[in-house]
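Handing you a structure now.
Lettered A, B and C in written order, each chain numbered from 1.
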Amino acid sequence: MHIPDNFLSTPVWAALDAISISAVGLTVRRASRDLPESNIPLLGVMGAFVFAAQMINFPVGAGTSGHLVGGALLAATIGPAPAVLVMTTILAIQAFVFQDGGVLALGANVFNMAVVGVLAGSWPFQLWGRASTAAVFAGGFLSVLASGSLALIELLISGVRMPRLLVYSSVGLFAVNALIEGAITVSVVQALNKLNPGFVQKPGTARNRLLIVLGAAGVVLGGAGFLLASSAPDAIQNLGQTLGMSAKTNFTTPMANYAAGNFESAWLRRATAGLTGLLLICAICAAGARMIGRRRSV
Amino acid sequence: MTPVIEVRDLRFRYEDGTQALDGVNFSLHAGETVAVLGANGSGKTTFVLQLNGILQGEGQVIVCGLPVNKENAATVRSKIGMVFQDSDEQLFMPTVLEDVAFGPLNQGCQPAEAIEKAKRALQQVGMEHSLNKAPYHLSAGEKRKAALAGVLTMQPEILVLDEPTTFLDPPAQLSLVHLLHELPQAKLIVTHDTRFACALASRAVFFEKGKLVTDGPIEEVIQRYDWHYSLLAADLRYSAQRRF
Amino acid sequence: MHHVIVDQWSQGKSPLHARDPRAKIFVLLVFLVVLATTTPDAGVTLIIDAAVLVSGILLAGLPLMGLLLRAATILPFSLTFGLITWLAGDLWRAIALVEKSYLSTVAVLLLVGTTPLPRLLRGLEALGTPRVLVLLAQFLYRYLFVISEQAQHVRVAAVCRAGGSSEHRRGRFRAAGGALAVLFARSYYRAEGIYRSMLARGFGGHFVLLNPLRFGALDGGFAAALVALLVMARIT
């Protein structure tokens, strides 16, 4: 799920780098207002915890085991905005120190796992209003499903050749991992509640409309990604061909190619519209977050 | 001579209702070394955390003539240097030098001055070769010394050490004893290790369930309370007849 | 563990280790962009890029085979996709994919193998990364080793108590969840302890950091020369 360098085409990794930088930058600004610097050691230590926790095996049967990814768990314990920052840091350290995920592709991985993954993962929790098992499970599930699907879409758009079988099995794999994440997150949250109920945030107190909107957007992005990948991978690959296969067209904007391209199939048009729509949702949310953020500071 | 620490009728209750300290009276004079003894949970650590305002209870706590409260926190914390039990929690910066310089930087020193102070303190504890090492690479004894340097560099008048021999092997303990012996500050040493206490302290206090029940010369206190927690006194000696 | 080895490498002394991290980060980014935009048929460019990396490894005094082997962790992933791309009919693209992703990995490994992470973070901060993230990363890295070791212990303890049969799978699952919760709690209380130490040494709400970075002529020359070389290799 960590995309390495040289798999994504230049327009894709560059666009996602830009999107992630703005999204994380906005989150930093929010966090600097609400979080004192004295909280940073706690967040750092929690990041180290998630890192280390990813090493612990959860047996799921037939000799296989799953591992925690952690976006939803972090959102449920330290809050969504800090969770975005902690996941971003984890991904950056994984990219540099462990070469797990590319450096140019860091924007894509951050977008998938630290932004959308955390937002989608916190959404059920925020919506439900209480820390029910179902909400926690849904959070873990949506978080991994969304990030995995987006990664797949990004690879397909970039023109990475993937036979249908591989796409479908990847989608299936993400779905299974998502179920595992839900189960693990529930297991840990339940154990945490027994140790000290204060560890798990009460969504009622931290609930705010902005997070619910952003979370919903994350779920929509991820869900749409999942649906697109599982139903029309070819269309996405064709779209990608129009966008960024050859090195010579690397530095032109994707939109220029849309105007110039020949769309033969209606499917392709629909897929294009879908993708444009997704990116627009993202942009609107980012702008909305900035506006709401400004209003709140007054 | 006015005591450097004066505590009168200190009471503290945790959020869950446990009365951790129940009317403690205590004083420490300049240059004195006092051992703080008592079982786990008797209130020793809670007590020392009151001295620099990390925990705030009811009653009077006066350090170097200043009452310990929010306004005086910064000054009090430069007068009392505290070495915590877990050195990993104390050495939180990436390198030893940066960590030891943390205190002076917070006191307002310029970076160059802070670095100089840090180097001098590290020299004092014999760790001048470990400037750029990460704390992860140090042994338990070295970490303890680095933590001590981080405190000495703020030039405190009082040193508080919470279970300083934890994780230290005998050679490291001996090294620490020699080091502490040379330091002129008044010292408060929370410890389970009675031999370590005897090597350094002239006086001892004994905590029991949040109350300070004894205060006197160290040999007397240890003799009086040794039976409380001495393994020898508990008579766990094996014999052929009494095997479990 | 991987990060322990890389950490050891980064503590070495060489002209490359001594370079300002900003110069090295900049060169890495140029390298990666050049590599990413290299067309599949530009074999000479790739050879030059590889040569730059190998000279870097040797100059830094790092174990050549060791580093190249560590970078090979990317190969299962890239070879799979390479194979698929080849089967889809595009051999050149497949080879380029494998070569480029491997070279990228070696390049990143060279950077972290010659720059201790705290210094790398200072460099990133100087280049504009928000302070919050840099501080976060600093604390994360500081406690990564400690907590990873704790996680190993917790894992071994859980394995020792595991049943083994599938009927106990739910029990083992729950035990692993409990183990994680304990690790969480220990980490949380550790953070409290850190906070207390910070307070005890006069923390006033804002981290004051030492900034020992100094960008010299040598760093400038190093960056300029390499960037020129890489860009020329890409263009011609």
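The criterion applied here is as follows: contacts are C-beta pairs under 8 Å (C-beta built on N, C-alpha and C of every residue); 3 or more make two chains touch, one makes a residue touch a chain.
Not measured: the values here are computed from a predicted model.
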Contact-linked chain groups that survive once chain C is dropped from view: A | B
{"item": "Chain whose averaged C-alpha position falls nearest the assembly-wide average", "value": "C"}
{"item": "Most extensive contact between chains (C-beta pair count)", "value": "A-C"}
{"item": "Chain centre separation in whole Å, for chain C relative to chain A (CA means)", "value": "21"}
{"item": "Distance from the mean Cα position of chain B to that of chain A, given in whole angstrom", "value": "46"}
{"item": "Approximate Å spacing (C-alpha centroids) for the pair chain B, chain C", "value": "39"}
{"item": "Junction residues of chain C, two or more chains touched", "value": "117, 138-139, 141-143, 146, 190, 194, 198, 203"}
{"item": "Two or more partner chains touched - positions in chain A", "value": "41"}
{"item": "Where chain B touches two or more other chains at once, by residue number", "value": "92"}
{"item": "Interface residues, chain C side, partner chain B - complex", "value": "7, 116-118, 138-139, 141-143, 145-146, 190, 193-194, 196-204, 208-211"}
{"item": "Complex contacts: residues of chain C adjacent to chain A", "value": "2-3, 6, 28-29, 32-33, 35-39, 70-71, 73-74, 77-78, 81, 84-85, 88, 90, 97, 100-101, 104-105, 108-109, 111-112, 117, 120, 130, 132-133, 135-144, 146-148, 150-152, 154-155, 158, 166, 169, 172-174, 176-185, 187-188, 190-191, 194-195, 198, 203, 205-207"}
{"item": "Parts of chain B lying in touch with chain C, wherever the complex brings them together", "value": "49, 52, 54, 74, 77-78, 80-82, 84, 86, 88-90, 92-95, 97-98, 101-103, 105-107, 111, 114-115, 134-136, 150-151, 154"}
{"item": "Chain A residues within the chain C interface of the complex", "value": "4-7, 10, 13, 24-25, 28, 31-32, 36-38, 40-49, 51-53, 55-61, 68, 77, 85-86, 88-90, 92-93, 95-99, 102-104, 160-163, 166, 183-184, 187-188, 190-192, 194-196, 199, 246-248, 250"}
